[in-house]
Structures are given as structure tokens and as C-alpha cells.
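Just so it is clear, A, B, C and D label the chains in written order, and each chain counts residues from 1 on its own.
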Amino acid sequence: MEQPSIIFRTVCPDRPGLVSQLTSWISDYGGNIKHSDHHTDQEAGLFLSRIEWDRKNLLINKSEIYEQFKKIAIDINGKFNINYSDEIPNVGIFVSKQNHCLIDLLWRVRNGELKMNVPLIISNHPDLENIARDFNAKFFFIDTSNCSKLSVEKQILSLLKDFDVELVVLAKYMQILSDSFLDNFSSIINIHHSFLPAFKGAQPYHRAWKRGVKLIGATAHYVTQDLDEGPIIEQCTVNVSHRDEVDDLIRKGRDIERIALARAVRLHLNHQIFVYDSKTAVFD
Amino acid sequence: MEQPSIIFRTVCPDRPGLVSQLTSWISDYGGNIKHSDHHTDQEAGLFLSRIEWDRKNLLINKSEIYEQFKKIAIDINGKFNINYSDEIPNVGIFVSKQNHCLIDLLWRVRNGELKMNVPLIISNHPDLENIARDFNAKFFFIDTSNCSKLSVEKQILSLLKDFDVELVVLAKYMQILSDSFLDNFSSIINIHHSFLPAFKGAQPYHRAWKRGVKLIGATAHYVTQDLDEGPIIEQCTVNVSHRDEVDDLIRKGRDIERIALARAVRLHLNHQIFVYDSKTAVFD
Amino acid sequence: MEQPSIIFRTVCPDRPGLVSQLTSWISDYGGNIKHSDHHTDQEAGLFLSRIEWDRKNLLINKSEIYEQFKKIAIDINGKFNINYSDEIPNVGIFVSKQNHCLIDLLWRVRNGELKMNVPLIISNHPDLENIARDFNAKFFFIDTSNCSKLSVEKQILSLLKDFDVELVVLAKYMQILSDSFLDNFSSIINIHHSFLPAFKGAQPYHRAWKRGVKLIGATAHYVTQDLDEGPIIEQCTVNVSHRDEVDDLIRKGRDIERIALARAVRLHLNHQIFVYDSKTAVFD
Amino acid sequence: MEQPSIIFRTVCPDRPGLVSQLTSWISDYGGNIKHSDHHTDQEAGLFLSRIEWDRKNLLINKSEIYEQFKKIAIDINGKFNINYSDEIPNVGIFVSKQNHCLIDLLWRVRNGELKMNVPLIISNHPDLENIARDFNAKFFFIDTSNCSKLSVEKQILSLLKDFDVELVVLAKYMQILSDSFLDNFSSIINIHHSFLPAFKGAQPYHRAWKRGVKLIGATAHYVTQDLDEGPIIEQCTVNVSHRDEVDDLIRKGRDIERIALARAVRLHLNHQIFVYDSKTAVFD
């Protein structure tokens, strides 16, 4: 039986000896490093490290691993995360009416590309319930027209708790989450249908068409309280021309939206992303 | 001896019969259409047409051709341009200190990719004089530090007139041309080192780096009085990652800047661009 | 009520006056040309023309239109096709075990991106029957292990006839169609998982990985009797690195396979493709 | 004064403890690791490591560093290279008649993008002598028409020795080097004007045009005795259409040829490439 990988990420002030310090105890225990990637951000004076290894015949349990890394992290004054490749997180997907990103994500889950469970799908419209059913996810239609945003978000937060959700993916969810929501739940990936920071906000394809751009883009990013200003994970573009109407931009955009979003979610699930200084470092 | 092509472009209100009306007189005279491309902008209600043909054995001179097209243009209420493939325009290139776009353009002229003469290069710095000499262009260093913008631009306009310049290319000219300059000379292509409309204005690479984008861009556009808001001709992008410092963005950007600019200039020289509604239609 | 577009395509020997001849009768009748695109292949001496127009208030029926174009086609010695935008063809999709191209095509049909009916799906494996059911298509599993190729293909041809199929799409159908099949039915689009002509034949991703390429590709093409040698419609590529195993190439490849195939099918359905000299001209 | 970086690369059989073993002695001496990148090729059972570090205040000289790494390399049964960022190699460029790759490389050297000296340029045609002069390189025209290949290559090898050349770049050198030449000098990067392995050998653009591909490519690779079969370093592609003649493919190809070649040379100069199993691993 294959042992799961242990993925250790840390960000700490740069100084000599870090790689050795982070890796020597693993080899002392007989652990086997599969991937090891380090980056120094000279300007920020920070050292970023991701080490993926397995225990093989090593008799060390999760809490001992945690203690070992915690000790090092304290010593190097670093923030750290430890993840295991066999821990499959629960992910909630939020949608409105458009189905392309939702179907695409669920198809990739089914094909084994995305290692996550999708126990629930939340929407402000009832349209996509069938898709949820096809993929055995619960669908919650939360009508926002007759409720205060506060009460809607309270319901959502309660669902996320009930379903033990670790990550939310906004797969064309055309609502803005309030600051107070984000204070309570902040691990959220959004797909924005423009090449950010161009065309922040509403109707980016209409505005791109009006501006006469020759390429359109899609941006997957973590959500923060500044709309469309969160750390960018992935961006894709596609050519357009004067022959393309707004509807063609929307059609072409769908293809890059689902690819950018799927790549970002995969990178997140594989623990390949570092977030700091409102930016990401993606170790791929 | 090969006859030059005649390139006719028109923009007019859309209505039935336009293609036939524009082409039938050419065939009546025995002219041979080599390329014929038409586009209807449904929203604007406009018809755009580009017809490239040659006279073969046809005994019709330039003024007769002009009169024929003018008659049709009046009838269809259109604006029109007539160009000949053997008319090689004089192009002035404006630069500051960076040489990559200048060398690239001059190399393409020498290789026959860009059908233009470059009789003069104007700069607010003396650095690139050698390059001008290598390619037999006059180099005018106009010191902007001790002169008013008005007087500098007056000198420039006078040079453009002296050298019979039809098109100006801003090949990394880090100065803003005044509205009054543009009133006097308006056929200008600029290369901006961002994916417009993102990062308009100064230091786009620094701002792109700070924002943490995953792609950077370059945009070639016609210059208008609204800074970086002119009609876009061509856009290119290239991937960047957290490993790239600002200097890497600048280095990678140079490659897409020169390609985007060269393509835009070539499209202009081949009369493949229509400008209307602050946008371009590029017939390629 | 909107009138359907009439799409006329012709290929004929090049000579003066063709554009006018093809378009003048349309305008004489008051028809309105929406798109008109012409290309001269100098080397082959051929003229290609695609004209899309609508009848508006014009009282001319399909057979009269046919007669008009036929008369012209005879005169110009051309082959021609006439299609109407409201004629939705029946398309048969052939699959084996992989589902990504099939789901993608069916999703695009449902979303209105691809104007076609999919009455039947044929497979040499039973695996994808569920998907067919989800999208209301009949699924025919034809076991090839106990039958001769001849008898299998006879069954298939009979089904294509029964369902009045005009186009077949091989959406990862891992079987080779015989010459005699292609003699009986030849309107077939295939997706090959390489950048043709590289890696023709079996296991292109394995061979690409072994060769150490830095980009992998997907090619949508019409099927001919020479395996993987048919006219290319669309090609896409994606970056790979030494970090990618064969499984990663397969995963990344799925995204470009479905995009290349969907674009090719769309271009075919919109009658934007010309085939001649074992190549395509794609008017987009 | 900034200390030069020390770049250590090794390839060895995979086993636990390698990262620690490679890095711990550096930190023991107070060296500072700037980049550290490791890759395990599971199939080949190999571990690849690149460590870039500087000595800061560390009093250890080059021969001591060599001894330290050699000791480790023997212990881990690995092949290794040690390079210093301030060692600027002499590079010979071979050309025929086309100038675009040559000018591009020399321009990048002058701009500081490529850290190399170009003391000599060798050609089988006299055409590009002027360019060599502009950039202060010696130009050797070696007429191949009246000499045996053996004698020509002997002259070349002698020149490479005289000028202490470490790397040869074939910048559109339209000659094939013999096996015996490659036995004597093997550090050679070539640019091939196709997307290898498609269109190996002569006239790839003509064949690509005839095949009707929708993308053309350029491939930079190390030269081996199997023509166009050497380890691939970098590949680029660009869209083409039926409107492009062979000359257009050649023109468009020039842009991707020079970019692919320049990237490959830069990666080589920065010691970011590993070659094994007829493939490269590029650590960028």
C-alpha cells in the first residue's frame, strides 16, 4: 500500500542554512523527499519552501511530524502548513445561472483530476439543480431577493459548517460576499472573466468589446475584501477580433474561464500555492 | 514587370448591394481582385470593405481610379482611402534610451518585412545615434530639458514636414505628446508595455509585478489625446511567475513589445486596419 | 421573425470579375450580404468564396436560389455548396472509453454553441452509455471483439442511414475506419492527440514524453484513407516540462483535445471550412 | 562588491537524504542558498539537483569547493558540474546567410541578457561579415564548395580551440556537422525551424505549408549525431492560416526561431539545463 505524501510549506525570513535545517531531520528519520522547491523573495527578504516527502518504513506519526516541524518553524520564525495527500477536503461550489465552470469542475472530480469532495452546491438561482443531482451533490437554492444579505450569508455560513467545508469555489457566482462573511470564512477561489486588473467589476466582456481589445482573459484568484483585488493564482487569454460580438467574447471566454479555474483549484488542492504580500507564489 | 496592387478601403452605412457595387466596376474594366474582405458591424450599422486588386492590362490611371471610387463613395455615403502597394511611405521613429524596438523595426525594414523608409529618428536622448547611423537614418537629438514642450514639439513638427513623414512610430518614446501636437500630426503608432487597459500610464511592469499577475502584455495602438486610450491594433502576452523580478518582466516584455509593435506597423503599412468608434478592425 | 442566412461557398479557377459576378445577382434581388470573404490561392490558381446573406423581404425560394447559383457555378466552372443557417444537421458521435470530448460536445450542443442534433452515439465499449442517456441520445454499443470489422462497419453504416446522419465526429474513438467504410461515408472529423504530423498513430503522449518535447498538441482533422493525414482544421498546444509524467501529458492534453475538436466542429457546422488539395481554408 | 553565485548541479540515483546531504555542508560553512531546486525522475530512478548559493563572508576557495562537492558526488554516485556566475564563456556562432538569429543573439549580449563573449562567427557564406564587424566579432568565411567536409571541419575545430570556445550556437547554419566533428566538440545548440519531431530535415516550412498545418514551430535543441534528434530545450509556436504563403511562414517563423534560440542559450548560460536520457530537464 502506498504511503501518502506529507507536504510541508513554510514562509520565513531568509537566512543561511534553511534548506538544510528543513530537510536534515527528514533524512535522519529515513523519510524520502519526492519534491523540494525553494524560493527566496529578495525584496521581501522571505524564504519560501515546499517539501513533499513520504515516510516509507518510517515509524513516525502525524502528531510527531507536527511537533518536529513546529519546533523548526519556531526556530526559523516561520509560518507553516502541513498537509497529507490522502486528506480529501470538502469543497463547496457557489453558482448562479451559468453552468460551464460547475460541470467542468464536477467532471474533473469524477475523472480524478481534482482530489476533492463536493458535498454541496449553493446558488441564488434554482437553474442548476439538475447538475448537482447528476453528480450526487446537495443543491441549496437560497433566494436572495426576499432576504437581507446578512441573513442569506448566515444561512450559507451555517451550511459550510454543517458540511465541514474547507474551501469554497465561486464558479460564476454573481454575488459579492460581504466583509463580515469573509471574516468568518476566507478560503475562497473566484473566477473573474477578465484579465485582471483590467475590467474589474461588472460586465467585463461588454467593456472589453467596447474597448476593442485583441485578447480577452480570465483570472482565478483568492477572494479578499477588496473586490477583484485578491491574490492571482492563474490567468489565461484567448484572441478576439472585430468579427467577435459580445456574445462571441462570452462564448470564447467560457473556455478560458473553466481552464483557469480548474488549474487554480488543482494547484490549491495540491498545496502548491503560497500567499503573501497580496500575491501568490505557485510552485508547479 | 509586376503591376502594383490597388488597395481600396471604405466605411459606410450598411445596406444591400454594397459588395456588388464596389466590385462590379473593377471587373467591368478587367481589373483582377486579389483580396476582398468585408465586415458588417451590426451594432454600429456600418459596412467595412477592403478590396485589393491589380490593373493587369487595364488602361486606367490613378486619377481615373480615384474619380471612380469617389463617385461610388459619394453614392454610398462612405469615407474611403486608396493606396498603392508601390508607394513606400516615409516613417519617423521616436525613441528615448531603449534600443530594442528601434533595432527590430530597422532590421525588418532591411529584410523587406516592413515596406517603409525611415529617413529620420528623433530622440530626447543622444544614446541611440549609433544605431541610426548603422541604418543610414538621420538622428535628431532634441534636448527637452532646457526647452518648453511647445518649442520642442514645434521643432519636431517641422522635421516631420521637412522629411515628408506620413507615419510616426513611438518605439519606446517615453514622452507624452501634447494635444496641440496631435492636432497637427495624428498618424502615430505607440507601443505600451502592458496589456491595456490594465496598467495605463507610468511603470506598468513595476505595477504588474506588485499586483502579482501571471501574464504580462504589450499593446500597440494608435495615439489619441487620451493617454493609452487610443484604438488597439495588436496585443501580445507572455507568462511570468513569482520567480521573475521586475527586471525579468522588463526583459521578457521586450520580446513581446517588439513583436506587437512590428505586427502593428506591418498591418498599417499594408492598409489592413480600419479605425472607427475608438476601435480597430484588422483585416488579416 | 428572423430569416435564416444563406451560405454559399464556391471554389473555382481564378479570373477577373468573380466577386462581382457572385454578388451582383444577390443585390439585384435585394438580398443583404452579411459576410463576404474571398481568398485566392495563387499557387493553385484557385478562387475561394464564402458569401453569407439573408433574403429579407425577398420573394425567392430555395430552389430558385439553387438554380441561380448553379447557373453561375457552371459559368465559372466551380464546385459549390449552399447551406441554410436553420438547417440543423444530425451528427453521430463515436467514442471508446474516454468521456471528455463527448461530454464537452454535448454540453456545447445544450448551451447552443454547436448547432447540431446528436441522435446517436456509437461505441466499441459500453462505458459511456450513462452520458448518452443524460443527454437524450441513443447509445449503441457494438462489440468489435467477436465480429469482423466488415460486419461492425456494416452495422454502423446502417445506423448512420437510419438516423439520417450527415456528419460523424470521432470523439476519442480508438478504432481505425476501413477504406470501404470511408467510401460509403466520408464526412468525418477526428481529434488526434498530437501536434500532427508529429506522432501519427498510436500512443502519441507516450512518445512525446519519451522524446522530451516542451509542448504537446492536439489536432482536429477530416478523416481520409491515409491515417492521420487528412486535412487539418484546428491545432492547439500546451506547455509541458520535465515535471510532467505521461499521465500529466494525458491530463493536460484532454483540455486542448476538447477545445480543438469543439472549434473544428463549430467551424464545420457554420460552413466556414473549404477542403482542397488535402488542406483546409478556414474562413473565420 | 557582490560575490558571484556558485551553481552546483548533480544527477544521481535517487535515495533518501540527498537534499540534506547536498545542502548541509554549505550551511555549515555559512554559505547562503539563493535557489535550490530538485526533481526526482521516478521512472529513471534519478535525482536531479541544482543549488545556487553565494559565499558571503565565507573563506573557502574554488578548489576547496570543488573538493567538497566531489566528495559528496562520489558518495552519492553522481555526476556533477560546478559553475560560477562570473565566469563568462566564449561562444562561437555559426551562420549561413540568414541574419535574424545572429543579430538577435548579439543584441542580447550587448544588452546584458546573455552573459557570454562572442569572439568569433563562422560561416559558409560571406554575407554576414558586416554584422560581425558591427559587434566586434571576428568573422571567418570558410568556403565549403572547394574543400572536403573533413578539411573544413578541421579548420573549424582549430578555430574553436584558438578562441577557447566552450559553446557553439548554430544560428541558422545550414550545414550538417559530421559525427567525427561532434566527437571532438559536442556542446552545441541548434535552432530548427519546425516543431520537432515534425518536419525533421530540410525545408520544414515548405512541408508545413504543403501539409496545411495551423501552427508552425521552432525548436532549440542540443546537437547529437542523430539529425534533429538531440535533447529539446525550448519550443515555440505561432498561428498560421490558409492566407499565409510559404514566405509568410518563413517570416513568422523568424520571430519564434530567435525567441526559442535566445531562451535556450540563456538557460544554458545560466546552467539551468540537465541533459539525460536524450531529454532535458529545465529548471526555470
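Note that in this section a residue touches a chain if its C-beta (ideal position, glycine included) is under 8 Å from a C-beta of that chain, and two chains touch if they have at least 3 such contacts.
These numbers were taken from a predicted model, which means no experiment stands behind them.
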item: Chain pair with the higher count of C-beta pairs in contact (B-D, C-D); value: C-D
item: Reference chain B; chain at largest CA-centroid distance; value: A
item: Centre-to-centre distance between chain D and chain B (centres being mean Cα positions), rounded to whole Å; value: 36
item: Centroid distance [mean C-alpha coordinates] between chain D and chain C, Å; value: 42
item: Residues of chain B engaged with two or more neighbouring chains; value: 39, 243
item: Chain contact graph, described as a line, ring, star, complete graph or other shape; value: complete
item: Contact footprint of chain A on chain B as seen in their complex; value: 39, 41-43, 195-199, 211-215, 217, 231-235, 237, 241-243, 245, 274, 277-282
item: Interfacial residue positions of chain D with respect to chain B in the complex; value: 99-100, 103, 107, 111, 113, 134, 243, 251, 255, 259, 284
item: Parts of chain B lying in touch with chain C, wherever the complex brings them together; value: 15-21, 23-24, 26-28, 30-40, 51, 56
